[in-house]
Amino acid sequence: MRSEELNWFDVENYLQQDERLMLVLGACEQHAYLSLTTDVRIPLALADAAAGKTGVLVAPTVNFGASPYFLAYPGTLSLRISTLLDLVEDLVRSAYGQGFRRILVLNGHGGNDPVRLRLYELTSALPGLRLAWYAWWTSHSVTEVARRYELKPAHANWLEAFPFTLVCELPAGEKQPPFIPGLLGAAEARLAYGDGSFGGPYLAPADVMEAVFAAALKDVIELLEFKE
Amino acid sequence: MRSEELNWFDVENYLQQDERLMLVLGACEQHAYLSLTTDVRIPLALADAAAGKTGVLVAPTVNFGASPYFLAYPGTLSLRISTLLDLVEDLVRSAYGQGFRRILVLNGHGGNDPVRLRLYELTSALPGLRLAWYAWWTSHSVTEVARRYELKPAHANWLEAFPFTLVCELPAGEKQPPFIPGLLGAAEARLAYGDGSFGGPYLAPADVMEAVFAAALKDVIELLEFKE
Amino acid sequence: MRSEELNWFDVENYLQQDERLMLVLGACEQHAYLSLTTDVRIPLALADAAAGKTGVLVAPTVNFGASPYFLAYPGTLSLRISTLLDLVEDLVRSAYGQGFRRILVLNGHGGNDPVRLRLYELTSALPGLRLAWYAWWTSHSVTEVARRYELKPAHANWLEAFPFTLVCELPAGEKQPPFIPGLLGAAEARLAYGDGSFGGPYLAPADVMEAVFAAALKDVIELLEFKE
Amino acid sequence: MRSEELNWFDVENYLQQDERLMLVLGACEQHAYLSLTTDVRIPLALADAAAGKTGVLVAPTVNFGASPYFLAYPGTLSLRISTLLDLVEDLVRSAYGQGFRRILVLNGHGGNDPVRLRLYELTSALPGLRLAWYAWWTSHSVTEVARRYELKPAHANWLEAFPFTLVCELPAGEKQPPFIPGLLGAAEARLAYGDGSFGGPYLAPADVMEAVFAAALKDVIELLEFKE
Amino acid sequence: MRSEELNWFDVENYLQQDERLMLVLGACEQHAYLSLTTDVRIPLALADAAAGKTGVLVAPTVNFGASPYFLAYPGTLSLRISTLLDLVEDLVRSAYGQGFRRILVLNGHGGNDPVRLRLYELTSALPGLRLAWYAWWTSHSVTEVARRYELKPAHANWLEAFPFTLVCELPAGEKQPPFIPGLLGAAEARLAYGDGSFGGPYLAPADVMEAVFAAALKDVIELLEFKE
Amino acid sequence: MRSEELNWFDVENYLQQDERLMLVLGACEQHAYLSLTTDVRIPLALADAAAGKTGVLVAPTVNFGASPYFLAYPGTLSLRISTLLDLVEDLVRSAYGQGFRRILVLNGHGGNDPVRLRLYELTSALPGLRLAWYAWWTSHSVTEVARRYELKPAHANWLEAFPFTLVCELPAGEKQPPFIPGLLGAAEARLAYGDGSFGGPYLAPADVMEAVFAAALKDVIELLEFKE
């Protein structure tokens, strides 16, 4: 249940019986041959699936993240890290003010990781608020699936090539992971990463992708229990 | 053509022949019986329609705006005005850095109006950048349609009740516009506005809505010419 | 009664019997042939006149506003919009801390409009505070006077040519309003606006100006009642 | 010559032959029995007098400064120090953009001292800009006058009691300077300072005040030479 | 060679022949029985050792990091994440302005990780600047040592118990790692973490600690080559 | 007793019986022939000595201050003034949250003076907090010693040449104080100040330095009593 399909009366009713919210943080950045909003689509797909099983509300997506290193790839629209932190703070405070008390942040993009620090600041400032963070590709469940299939997960390789992130056909074969010396600026990063993938196979068989998704979904559903 | 359906190669190709971009600014706020993201959906519908006719690229939507006065309505997620200004600046700078030079901002929400000031700051700072702003409901074309049908446009009344913003049935009849003394805080605003509409009929006949949309679309297409 | 003519004992006495304050927001920007501080002088004249009739206190003027588009006109001193928002917040919080509870902001400059959003944020944050906003040239009363005399109001034309904003003789005749494509940067704005007026007659007869002033003053006095 | 008496054509003409500007920083804060804007009036009087002798342009005054410690005295309107720094930066950048290259900041309030640091940042960032700072009451010339008449200068005592800062009659006699332990908060400061004066005689003979003013004016005129 | 032992002439000479700098980011936060500045001491020890072998300059340490979650432990002094980002930016820009072009940031604290994003922003903004980041405890070399000795690395356990971080005797034995649900606020974190260690043995034999240090030092020395 | 030598249990115990803290603000900037961290070392030496006599806790040092004017001297690492203010605010708030109520800020650098304004803001915001500020070289006690020995105190001259700030031999003789017109940018400041000293003798006899230190230490110990 996405809040965009609701009006405020619906959310008021929802809050009578539930105080949970899912907040999707994405990015609009190069993902090699995949959609520029791959990092929105994956956590949103997880949120939708989890909402289907739990009834937990899904807020509108944050379509932009912090991607300074990919700004030389056309189509990448990046927030300064300071902007992103303020943005997430505003959303959390808005929801808190209306009675949401357990918020699961579903992050789709590594560059958004600093948001965690702001969330720590907020959870101390807002009594009774519980926050959880899930970055699906770093979870033990997902990396375990990758290990099982002997596939190395990386930005814009098979790991993110879900049916719903494809916007064209993918190259066959594998890419040699590039050597990355230190923290590259945008221009250097484009030279180093070429097509944008961090290397490895561009594609994995459908059953692998389903296993990855299922593993992450299981995590999300469990996190939504907000165990103490 | 939305950039979310593209990868970066596609945008690079696009920039070979076009330097225009449409940026949709919305809000996630109470719209009485209408969708919480009404202010995203309307300018996005215009952007999609205009893109269909002109081929101009549409960036991912900004799903949140500045709605401090509606924060007591559940589901409203508002950005501080300072956050919103920084957010739009970051998007414009990102696009400019990749070669976009003519950006049409399609705004769906009155509270986002301060963004214009930041855009003025940016257009002076970024040589060769041209920016245009369109707030459909304030345009002469749209108010003219309203005048013709003797309907008064207002927040969350018939004016915004497009087929694609409905999420439930609307009340019949009209609402008496509330008296609003000064700038109300969120709690007072909820008391004053009740269901959230600013008054007038909740619905207009389909042909009115089509006339409104057509009038606005014509404006958008013309603005995309970026006449000098 | 301007607070600059008082000492703190006087204001303490005032607060025993009144909790109202008028805050004048102006600008220091080109106004064609008129004073650079036209946007301070007009609302200050209204404030002084209203104070004469109501005894409400007038704070020192904010002499600068957000005028990024006029920065290529010498003498224009503009605040970033973020600075202006913080400035007004600080003044409101200072006054609130001392017991002022009803503050009427008399704005003289269109570019200051974003301040309204910060005021909405503040009125939610500060219990018991009531804020009102008056931008004289946009009021129904003033536009009605203009309509009656068949004069189109615009920046730096007859509308702002009060005896107390003149600093030299004005050109006779009318100016053709310039075509303004989109949001212009400072350099482009100077080219487009030439002498700085937005067009129309430079002058109106004295009785028109008196009618405009009287209409606005009536509004101010009414707003100072802070009706609920 | 104050820029408020000019229009932009006048300033453009001025810049043909001079690139100097005086910028008055004041405060709106308790000054015991003196005007709340004493700290505006004194440097403005110096600026006006110096302008009379040199023809250097005077910008509109900054009517508010950083006075957090006096916020418990009604009528004090204080800027956060961060706001004040941004404000002054914006004014300096505006003037610099139009060709002003030698700016003398005439400060009237001790709490504004941190502005100096921001000015140092700016002078490094803006090639060819020269900035000077004058806080009249700390100058050697003024303290020398005080020494000569065996009067101790302090906030809101005789030192600031010029004819143009008086708004009521002053107490005769002297005040015992209060003991101030450390950096006091606003409430403690009001308790400690009582009527607001920092102690000493409330008044000095007219010839003392004239000598003080003349000494400061001489400094200002000399600083306007911007010797290298 | 620490810059604190030098004067500016020495650094000017250094820059004739080297453009590298090591910048130590630490924290002042609870480390169970270990020093509150454990996160400063470890990367500083690495920097000193690496400087001994390479002659690369070491800047004064940043003694505070972002530790919002530990603020309920007395002695923890934490920066807001926004402050920390600005701080590091200022240091990098200062060094860059003087000719430093290759800066290795030696981070001692996990909460400082968001700094990486600001560094990415900077490396794009400052031509010719190369930045590298080393968080010793996350390096492959160090985790490999831990794996070899079958010890699990964690905050304030054996991993950080170097001779130079001890300030009292350590408990013998192991601690059961606490269950941590989501992102805990400061008060909850103190309840959950008890003595502050994240669990596992408090101590490791001296040869383990030497192996850890040697592994990290090797990494640092290699990173100082700034290979392309 | 420096908190870096303690763990959090120790600080918790300390807070049972004392609520005082010393916070050292320094700088990393040119001091002519003296150490780049002279401004850290002097107040830290005072803090250590005062701690030895009073048992008051010393926080880790802030190793950087606001030194924009010295940025052209290699080795100077300067914070923007805004960053410094936020940094000190964060430290004070952290300590306050844990029960510290009387904080003595020992400042070693003139450019850090604006911090006082932020401290005033904080002391009003945090009930029960008492703050004191000590800038040793401006104290009456120290200037009295200088007067007694007929030595003029200035940046990087004899005044700061303690045994613990020396990093090389000092020139004999005196330096003619340079003429400084207004607020110099970094490049101009380097030209004007040459070796960096503000003039006068580079050295004073050991007994002078001891007298200076003793005078300042006496002040610090007295301030630690936080008399009301």
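Note that the chains take the letters A, B, C, D, E and F in the order they are written out, and that residue 1 is the start of every chain.
Here is the rule we use: a contact is a pair of C-beta atoms (placed from the backbone, for glycine too) under 8 Å apart; a residue touches a chain by one contact, two chains touch by 3 or more.
Note that the coordinates shown come from a computational prediction; the quantities given were computed from them, not determined experimentally.
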Next on the checklist: Going only through chains that touch each other, how many steps at minimum separate chain B from chain C?
Outcome noted: 1
Next on the checklist: Rounded to the nearest 5 degrees, how far is chain D rotated relative to chain E when their C-alpha atoms are superposed?
Outcome noted: 120
Checklist outcome for this item: So the chain most remote from chain C by C-alpha centre is E
Checklist outcome for this item: Ranking D-F and C-D by C-beta pairs in contact puts on top C-D
Next on the checklist: Could you work out how far the Cα centre of chain E sits from that of chain F, in whole Å?
Outcome noted: 26
Checklist entry - Which integer distance in Å separates the CA centroid of chain B from that of chain F? => result 53
Checklist entry - Using CA atom averages as chain centres, what separation in Å is found between chain A and chain E? => result 28
Checklist outcome for this item: Averaging C-alpha coordinates per chain, one finds the centres of chain A and chain C separated by a number of Å equal to 46
Checklist outcome for this item: So chain E residues touching two or more other chains come to 71, 80, 82
Checklist entry - Should the pattern of chain-chain touching be classed as line, ring, star, complete or other? => result ring
Item to check | Cyclic ordering of chains (reference chain E, direction chain F) | outcome: E, F, D, C, B, A
Item to check | chain D to chain F touching residues, read off their complex | outcome: 66, 68-69, 71, 80-82, 85, 111, 113-114, 116-121, 123-124, 129-133, 181-188, 223, 226-228
Item to check | Complex contact set, residues of chain D against chain C | outcome: 3-12, 14-15, 28, 30-37, 40-41, 59-64, 71-80, 82-83, 86-87, 89-91, 94-95, 97-99, 167-168, 186, 196
